[in-house]
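Shared chain: subunit A. Partners: subunit B in the first complex, subunit C in the second.
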Partner chain A sequence: MNSFKTKKQILDFITHAILLVVAVTCIFPVFWMLSSSLKTQEEIFTKMTLLPEVWQWSNYVDAFIKAEFGMYFLNSIIYTVVGVSAIVLVTSMAAYGFARLEFWGKNFLFYLLISTLLIPIPGVFVPLYLLLKKLSLLDTRTGLLLCYISGALAFGLFLLRSFFEDLPKEIEEAALIDGCSRFGIYWRIALPLAKPAIATLVILQCLAIWNEFLLALVVLQDKAKMPIQRGLMVFQGTFITDYPLLMAGLTIATIPIVIVYLLMQKHIVKGIAAGALKG
Partner chain B sequence: MSRGRFFVFVKVFFFCLFMVISSGCGKKESSKSDDSAIKVWHWMTDRQAAFDKLAEQYYNETGIKVVFETYAPTDVYKNKITAAASGQLLPDIFNPLSDKRELASYIKAGFIANLTTEMNAGWKDVFFEKSLVQNMFDKNNEWGVEPGYYGVPLDVSSLMIYYNKDLFAKAGLDANNPPKTWKEFIEAGKKLRAAGIQPFVSGFGESWLVGSFAASYQWNLFGKQGIIDTIEGKISYTDPRWVRIFGLFNEMKENKMFASGIVTMINKDAERTFATGKAAMALNGSWGVNVYKSMNSSLQYGIMYPPALSDAKYPLLVFGGDGSSMFVNAMSPKKDKAIAFLKWFTQRQQQSFLAKETLNIPSNKESAQDLPQILKDFSKSINNTFENLPMIESWQVTNYINTNLQSVIIGEKTPQLAAEEVQAEKQRQMKVRK
Partner chain C sequence: MNISPKEKTLNMMFIMPALVLFLVFNLYPLIRTFQLSFYQWNGIDKEMLFIGFAQYKHILFNNPAFWKSMINAGYVTLLSLTLQNGLALLLAILVNRQIRGGNIYRVIFFLPPVLSGIVVGLIWKFVYDGNFGILNHWLISLGFENFKDFAWLSEIKTSLSSVAIVHMWKGFGYGFIILLAGLQTIPIELYEAAEVDGADKWQQFRNITVPCMIPVFTLVTILTILGSMQIFDLIYSMTRGGPAGHTHVPITKIYEYMSNGEFGYSTAMAVIFGFVLLVISFVQLFVSKKFNR
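On to the complex of A and B.
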């Protein structure tokens, strides 16, 4: 019994030690970001201290003003809310269709859509640019949003189809007998049951759209329409990076996404685990 | 999901959609931009404030509005330029940030205006000569571009060796008399290493830096004609002079001159290493003056040329010339206005302002008189930068040279083997060309 206890204690110690190392590795960059956001540029390079000598709170004010965060913040919120809502709506309907409806070329179409996951974003810059120009959507919020939505389709389909496929058909059949329409089944039964997968999709797409700026920079020209990441660019020169303001800006930009994560945290683990098992 | 929740979801979605539409979409949005303004796309976001001030001044003087839009990092800027070129939506002034081969393709596609007439009408006299040659095309250029001037340099740069005066003194070296020959350079390296100081750092993880350092010795040993002959395949990369160039890096390695991890080090890390006094010498561009100031304003340093080989036949030249140049969109209806603006922009007063704000060397040679001493020293080196060549080596061979230099530095290859491998690639590329 004693030897069993000792073994368990050793195992627990090793597990905790490993977890501690992993936790520190994850937390340290965030800590460094916070600490650097309160230092001066020279202090960052010349003094390797964990905490600032003098706490430069003004960095946050400077970053907010210099990067014109107010305007970019609003833009990013609009892109994220509209983009993610549309992604959830479109992909969930499409995924339900692929899971439950029978039509010609279903699998071919599905794998064709999924294969777009393999195309890197820079590879589609030129065709996208030309397409948006033809549609008169270049330098418009709508154009950028459509790019975001179409870009997320494949991943959303991949995540949600398997989820819908595994839902018990009997519930849907019962609803059909009770007179529920196809859309009613999707909206009232399938969608609520897919909550964990949708939560995963929401958080991942929130992250993707909030942090995206390559596409925005190519599609948009008007500064007033740019997302928050454009603001951070102000501090990254070709030769010099203003690290204190960049880190302060990053901290500001991170807050909303952390809030979204905390709000949806309990669904995410479930969704990812379910997606991993079923996908 | 209850009916109530459904309506809440729909309401939120349509509210946000309304926000997007009401804040302007489609053609309505595009029409908001001022079409009469001259549009400039630049990639140095840290210069936005200085550009804006000059644009404001120009507006006050002429009533013509100029809008500078900066996009970073450079690869995003490049993507934007490529996409805009495909859609024929390039701004009035831009830079494709490309090598000469790609620049030639932009010119031949009609995207870049030939500025020879304007330059020959006295405009070119205000510039450092070397700042113009990189964006001009000679009569017999291999790309078939109409000869002439195409780029307008805004600033110039060159690649020199910075040295830390305090660390030199600590190692018993004369801080006011840095090494001038290769032998002195190696001796200085030995003394620095003996004093526990890393002698030399640079971002050799970025292959262009290691290649540029080697190219200085190519000019030193081969001269212009020798380089052209090498590109044309008349001189082999196994020529003893090329083996010697690889050997110089081997000699530095043997004498422990390189900072640890130099082959994988990006230039930003190398700059930090030098700025924090962890290496005594650094190969870096003139932009380093501004970088080191921001990292460590109390750093005491000087600059020196890469040390020449005492038995070499030709002068040692350094990488440099134009720092950032701008090109006028040949298809723009505001082409003449754009040229007039660039003429104004490159005058002494404006250039001095830009140099003061950004701590770079202006392309206007008169403005160089207004610079701090260290930048004045740099500006003197502009005339000793690489000359214009009518052709360039294929990128595959250049890559081979750079990666083999890195292999020599880490002791993976001997200079002879490195030279042989480059020559083998050269032969492959020549066969492909044929």
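On to the complex of A and C.
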């Protein structure tokens, strides 16, 4: 028994050693970004200390105002809030329809709408660009938002329809007899009950829109409309060696995502694992 | 219960917004991709010149840069499939041993996947920097003097591998989470029974873990292939395809042709690339089904 115990201890030690090394590797680049964002440019060029000598909080003031990261940040907030709200509204309504209501071509339409989950469509940004140009939506917030919303349709529908189907029908039927309209049932009964699934959708889409870059690159030219990911590349292209401000910008782009992640990590991890294993 | 045609029409209103968005922004662009791929068009002229499969032929037989970009993406994918997923599996097995602090590791390993590709790319570009990067600083302090001013991302020999390392750093946590979730669905009784029968750890791994995990392995493999082949943000933020095209991947090529106004050519490339991805995922599904039986 004694030797069994020591063998387990050795295994535990090796396990922790490996996990710890990987964990440090995950965190260090993020730490380095934070630390460098508080250094002076001279410090970055001449020293490699882990922490700044004097913490330059003014870098963040410069980043927000001079480097215009405040504007980009605000744009990202707008895209995320409006985009995710619209995604929830559009996909939950449709998912409820597919789960509960009868209409023509229901099954065909459902599989058509979620088909984009199964078929990889690389380079769809090319025809999207041309479409937005034709609709005079190129270089507009609306154009970019429409791309984001339609890009999330298949996933949202897939996630929410099965959730609505699993809800008990009895409450809805009782409400129908009491004279509640179909839309009223969806809005006042089904939607509140679907909160857990909607939470997963909201969190995953917040991450997706906040981090999106390629469509923002294709659709937008005007700096005033750019989300922060795009703004970072604009800044980096103009001020190549202003590392402290760049790192401050990167930190500004990262903090909201890390806060949401840490608060919601159980939802995110569960949502990803469940979504992946189901599919 | 009979539903009147009028009600059926009214019910359609629930799916209308989604349906309209789908038709305009998903289906139409898809059809348009195929259509445009047969035309030579700069996106401005009224006239589009129909040229059949000429652009396909040119991409497949006269465009070595396209093939180079496919090979580059394939290289990143191959590294991800082996190193990244191997690491993800090892870590999932270790965390699944019910050790203390398992949840903290899980939170940390999934941090890189939630960061944006641009942020990750720009942080690592700074780490790799020839003059001011901390990587060279460490290598020099370890005695590797010849790494002084070595620009990892601008050297032909190291640029693609350097990006691939970042891609794996960003991606392994994703596979880790899925693999761990898969491991946790294997009933513990199977291992207990094997223990009673005297099977050692390796036999348990080979005869219980691996067969139970084949559907999960398939899933992670497909996700890794699709994600790695379509790598873009990291390349764009770290090298933009340079030095001299040595880190170009299919999506950066498609974007480049589009930026040059070659809309027909870029869509033809998108169709070829999409077809390759589709074939890969079907082959993978087919192979794993055979394996499973």
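Everything that follows uses one rule, which is that the second predicted complex is superposed on the first by the 170 of 279 C-alpha atoms of A that agree within 3 Å, B and C clash if a C-alpha of one lies under 4 Å from a C-alpha of the other, contacts with A are read in each partner's own complex, and residues count from 1 in each chain.
Heads up, the rule we're going with is that contacts are C-beta pairs under 8 Å (C-beta built on N, C-alpha and C of every residue); 3 or more make two chains touch, one makes a residue touch a chain.
It should be emphasised that the depicted structure is a prediction, and the values quoted were computed from it without experimental measurement.
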item: Touched partner set for A:Tyr129, first subunit B, second subunit C, both or neither; value: both
item: Touched partner set for A:Leu138, first subunit B, second subunit C, both or neither; value: first
item: Partner chain(s) touched by A:Asn107 [first = subunit B, second = subunit C, both, neither]; value: neither
item: Partner chain(s) touched by A:Thr116 [first = subunit B, second = subunit C, both, neither]; value: second
item: Touched partner set for A:Ile240, first subunit B, second subunit C, both or neither; value: first
item: Subunit B versus subunit C as contact partner of A:Cys26, first or second or both or neither; value: second
item: Residues of subunit A touched, compared between subunit B and subunit C (which is higher); value: C
item: Subunit B versus subunit C as contact partner of A:Leu214, first or second or both or neither; value: both
item: First (subunit B), second (subunit C), both or neither touched by A:Cys147; value: second
item: First (subunit B), second (subunit C), both or neither touched by A:Ala253; value: second
item: Overlapping contact positions on subunit A, where the subunit C interface meets the subunit B interface; value: 45, 89, 122, 125-126, 128-130, 133, 213-214, 217-218, 233, 236
item: List of subunit C residues in touch with subunit A within their complex; value: 3, 7-12, 14-15, 17-19, 21-22, 24-30, 32-33, 36, 43, 87, 90-91, 94-95, 97, 99, 101, 104-112, 114-120, 122-124, 126-127, 131-132, 134, 137, 169, 173-174, 177-178, 180-182, 185, 216, 219, 223, 226, 230, 232-233, 236-237, 250-251, 254-255, 258, 263, 266-267, 269-270, 273-274, 277-278, 281
item: Subunit B-touching residues of subunit A, taken from the complex the two chains share; value: 41-42, 45-46, 78, 81-82, 85-86, 89, 122, 125-126, 128-130, 133, 136-142, 145, 187-188, 191-192, 213-214, 217-218, 221-223, 225, 233-242
item: Subunit C-facing residues of subunit A, complex; value: 11-12, 15-16, 18-19, 22-23, 25-27, 29-30, 32-33, 36, 44-45, 48, 89-91, 93-94, 96-98, 101-104, 109, 112-113, 116, 119-131, 133, 146-147, 149-151, 153-154, 157, 182-183, 186, 207, 210-211, 213-214, 217-218, 229, 232-233, 236, 243, 246-247, 250, 253-254, 257-258, 261-262, 265, 268-269, 272-274, 276-277, 279
item: Residue ranges of subunit B touching subunit A (in the complex, touch as defined); value: 1, 6, 9, 12-13, 16-17, 19-21, 23-27, 29-30, 32-33, 43-48, 69, 71-74, 76, 79-80, 82-84, 86-87, 89, 268, 272, 275-276, 287-288, 290-291, 294-297
